[in-house]
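These notes open a run of structures that come right after.
First chain A sits with chain B, and in the next complex the same chain sits with chain C.
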Partner chain A sequence: MTMDATRDFTQRRLRLGERAIEAALFLAAAAAIFITVAIAWTLITESLHFFDTVPLSKFLTDTVWSPLFENPRYGIAPLLCGTLLTTLVGLALAVPVGLMVAIYLSEFASPRARETIKPVLELLAAVPTVIYGYFALTVVTPFLRATILPDLPTFNMLSAGLVIGVLIIPYIASLSEDAMRAVPNALREGSFAMGGTRLETAVNVAFPAAISGIAGALILGMSRAVGETMIVAIAGGQQPNFTIDPTESAATVTAYIAQVAIGDVAAGTIEYYSIFAAGFALLLMTLAFNLLAFWLQRRFREEY
Partner chain B sequence: MAATQDAEAPATREIANLPLRNLLDRSFIFWGILATVLGLGVLGALVFDLVADGAPKLNLKFLASFPSSSAAEAGILSAWVGSIFVVLTTALISVPLGVMAGVYLEEYAPRNPITSAIEITVNNLAGVPSIIYGLLALSLFIYGIGQGNALFGQTIFTAGLTLSLLILPTIIITARESVRAVPRGIREAAFAVGATKWQATSHHVLPYATPGIFTGVIIALSRAIGETAPLILVGALTFVAFLPFTGPADVGQTYYDMGGNEAVISQGDMLLSWLPWAPGGQGWLSQSFTVLPIQMFNWTSRPEKEFLENAAAAGVVLLVITLALNGVAIWMRARLRRQIRW
Partner chain C sequence: MALGRIATAVLALAVGACSGEPAKDKAGASVFTVAVDGSSTVFPISEAAGEAFQKEQGGRVRVTVAESGTGGGFKKFCRGETHVQDASRPILAAEMAACAEAGVRYIELPIAFDAISVVVHPSNPVQSITTAELKKIWAPEAQGQIDNWREVNRAFPDLRLSLYGAGTASGTFDYFTEAVNGKAKASRTDYQPTEDDNVTVQGVAGDAGAMGYFGLAYLEQNTSRVRALAVSHGGKPPVAPSAATVEDGSYTPLSRPVFVYVSADALDKAPVAQFVDYYLTNAETLVRGARYVPLPASAYATARERVASRSAGTAFGGKNDIGADIAEVLRRPLVTTAPAP
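Here is the complex of A and B:
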């Protein structure tokens, strides 16, 4: 009798302990939801204060962003333009290079070479972005000046964009390579059997079969480029500039936020609210890209 | 017979092109290697440039000096000490939280809408730009719930907390992968001898998953060390001429407290400053701070050329730390892949 009672007691205590642990683990996992809600709530409420003063239509249609001037104007277009231009310059470098690396690693390189090159390439993504900013300012801009663009200003979107491109090469190369390697070998063998060379097989078979994963990789790289702050803050310039010429200097959405934050901004001022409105626009952009990547990967996934 | 001829004609043409096609195929090896070398070359150029610019400044004096308005006198003492304290705080918050969340999602989570909501948010958070976490911290930790609390504000604790939120998705994702890689049989063997779920998880699954989790944690923390943008918003200072704790040499010196009153640093003040938390905001978690990337950013944005040298030297230190951490992680991952054969 006593033994039974003891066992019953320990079991009940065990069960309670197990329950408590499971609850604690659940709370830790639910932190992800709390953080997401907190981000959305903060950006929305602080942005709403901003839109109390600045009408949404002005925010979207005005072509001048000058919140620190005497007659402030709040058109997000110049900042978005800077963000998109640096991103496009980055993609112009990272897409061809990244895809070539991906095709080479997945279709040509020996397993040994692949296992060595991939981690080293991924180190490119581990370099702190403030160092990339320094690199853009002190190496890339002087180099471009000395070679092809003697009139390049000290701060310009071209070198910032190129260095962003370097930063996202490993994302694009690595994720695209994963996608291409997931294509079953039988498809390649079919192409080889028809007399295709490795390059023809890569371009006509492996690449199209992996297109959903590759598109996802490109968009994730793009989303990373859009959110990049330090490179553009250091090397891209501080003045909003509504232009499509990447050799000019211009601020991006992220550079503006950083610029205002450096100057220790007081809560409740319009500058304070403006960085949240800019951040909200940025978040919506990256969110749209991420959802698009997710959808593409789902929609065009080939099941083997 | 005309039909047969037509069918054969293209095939003949293809074979006729064979030398060209083979040439194209071979030449792609060249282009592929060129693209790879370009990527690696940039990494090399970056390291070379930093070392060339910063090497003259890199000495013990630079590591042991506070920032100064004179470039020659300035050093990174407060920056690297600040980085260590901030990363320590980050690790203490994010590692337990991230591993617990990963274990829950892999071992416990039932298939229901709440679980999928958690999974979707984890993946989405991993794609949120780092500066957004800075905005969250500014509004929530500094001006929101943290107002009037010595722990929050522009402190080491806020910085560590912010970076924890930033790297949490990375840690959750790697923890899940490592836990998932442990074969079913290990759990079943534990259950068969009467282990409860938590006993099976903590005694058997987690030990096998630890090396993998550790690799992910190192990579996440190396990211936290190099992160600049969110800390600008959290209010990392650029000119910090003190350490987060008080040294024995400072006892007996006068200082001005928050109210502007003159006070003398006592033995007790020194001891309290070594605690993470102490009443009246005396613990090191409540101190203002700077970190290496912020210090480097500040020097980079100065017009004087001498400060660029300081920035490069700080960059070398930062780069050595992050590349070393990533090297360790790569090495561990390779060793793991060789050693474990289930």
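Here is the complex of A and C:
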């Protein structure tokens, strides 16, 4: 065997190894796409069974959702209402707090303070949501009842929404802070040179420059709130309720799906297909949010 | 390599700890699990039976008791997934057909009397209610219409009415709707439905205008958190739910027998047979301990005979029976197919 032949052999082996690694990496990436498509496919095909029985117009216009009862009705509106209301309550808490935290961490905090606060904040997102659910039911609701809302029912969207807000604060704060820190220092220095204070610089320069990243953070927080299940299932109630009053109890799309999926509904029945239809509506909702985020990021992207 | 061995050991331990079947006792023999599921009304009795039986067996047998509701439980039972089925109403025609199709033969054992208790927040001034008023509240037509106590009766307080009740997989739901609204499963749907009665307790205890309903055991355990209304039926004076009013038959129409169904094939497995025997032998103590009302001793004797002779079938012909007399029920012939409607 000559030296050349040996080198050829080694190189071929190397190339083969390289190919195998590339293929494995590609498969890993493709799996993510495949799983997404498979989920969407399942939801769509199973939902079609649902819409064989229930006309789409009823699904969209009826205001009562009671698939498990005699004389069932299939209006998705009460569930969407519950989801939107808890999400809005959550955002009302999480957006101001999260953004203030982000501005503080990125523009005011000393590196040491940041190194301490940020991991602790991110820990909030690591608390199991079932614990948040019981926290809402056994601490937040009694507290609200003892202070400002004596007539608050045991299960209500307000407590659930507020605790969802606590859950998504770290998402919003952490990602917004990353976006603001990525703003080049030259911009801030320019503002300081013009006589801007730290607050003016933070609010008028760093914040607008990072707006596309911040918008992304908000949408991610929102998607998380829309998809949250345990908190609303435990603290929000199981009763589909067509209302815009957050002090009432109501089931969200996710709480309904959880309720039915845990129970013992036979496959192939309309009750069974109803959870796919509800899930499909939910998927469309989060998809719309994500598209909006994508569009916002492109629209407001600032290149430096 | 040492790291690898540790990892393997940890993994083996984790897998061993997490996989329930088959569990091993101290001597390393595998432990048989008796699977019980069904009504949350009957749950406290079966739970107590399971615990006491496990203790008596010294860990050689395990009993798991779940509460999917009577309807949810029957689905599993008729698929052969459980050995024992708790039921707060008799088996229905559709469930009989499902069991027959899967070849599951069941032995029907009435186990206790219950009183479905209508409960309110302790601060509510209302003390009693008529069955007509209950129907006004819970009928399908009440949906979105009746949402204040005053709309039910002008003497009632001006208080927002919020409702907590049994979920659709619950036998209590079936019985209550039939007894109150005249048709099983006919109910308004704008209330908090749950198969877990503790959720109803929690809801009513925290809501001044609330009304809910569940089995007597849950009332007895929560007398400081909720208060039962006395119920008046057919112009008779109101009667509060209690062991005494169930026993003397005055709490109508909301008192009812509750049942345990046992799979006849599962009885061939010694631990299941032992468990059922233990359950029936100690029924009176167990039922009292769970705060329900025991049946006459002759009923448990009949139940043991049914088990011994493997007499499968139901005395109810696949439908509910409001205000059934237990002695008469026990004399009825058992059937395994529902008569044509």
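Note that the second predicted complex is superposed on the first by the 278 of 304 C-alpha atoms of A that agree within 3 Å, B and C clash if a C-alpha of one lies under 4 Å from a C-alpha of the other, contacts with A are read in each partner's own complex, and residues count from 1 in each chain.
The rule is simple: contacts are C-beta pairs under 8 Å (C-beta built on N, C-alpha and C of every residue); 3 or more make two chains touch, one makes a residue touch a chain.
Not measured: the values here are computed from a predicted model.
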{"item": "First (chain B), second (chain C), both or neither touched by A:237", "value": "second"}
{"item": "Chain B versus chain C as contact partner of A:68, first or second or both or neither", "value": "second"}
{"item": "Touching partner for A:109 - first (chain B), second (chain C), both, neither", "value": "first"}
{"item": "Partner chain in contact with A:177 - chain B first, chain C second, else both or neither", "value": "neither"}
{"item": "Chain B versus chain C, judged by how many residues of chain A each one touches", "value": "B"}
{"item": "Partner chain(s) touched by A:151 [first = chain B, second = chain C, both, neither]", "value": "second"}
{"item": "Footprint overlap on chain A, where chain B in one structure and chain C in the other make contact", "value": "137, 264"}
{"item": "For the chain C and chain A complex, residues of the former touching the latter", "value": "68-69, 71-73, 75-76, 140, 143, 160, 162, 167-169, 183, 185-187, 189-195, 202-203, 205-208, 210"}
{"item": "Contact footprint of chain B on chain A as seen in their complex", "value": "14, 17-18, 21-22, 24-26, 28-33, 35-36, 38-39, 42-43, 46, 96-97, 100-101, 103-105, 108-109, 115, 117, 119-124, 126-135, 137-139, 166, 169-170, 173, 195, 197-200, 202, 220, 223, 226-230, 233-234, 254, 257-258, 261-262, 264, 267, 275-276, 279, 282-283, 286-287, 289-290, 294"}
{"item": "Chain A - residues contacting chain C, complex", "value": "64, 66, 68-71, 73, 137, 141-142, 145, 151, 153-155, 237-241, 249, 263-264, 266"}
{"item": "Chain B to chain A touching residues, read off their complex", "value": "14-15, 21-22, 24-25, 28-29, 31-36, 38-40, 42-43, 45-46, 49-50, 53, 96-98, 100-101, 103-105, 108-109, 114, 117-118, 121-125, 127-136, 138-140, 143-144, 165, 168-169, 172, 196-198, 219, 222-223, 225-229, 232-233, 235, 293, 296-297, 300-301, 308, 311-312, 315, 318-319, 322-323, 326, 330, 333-334"}
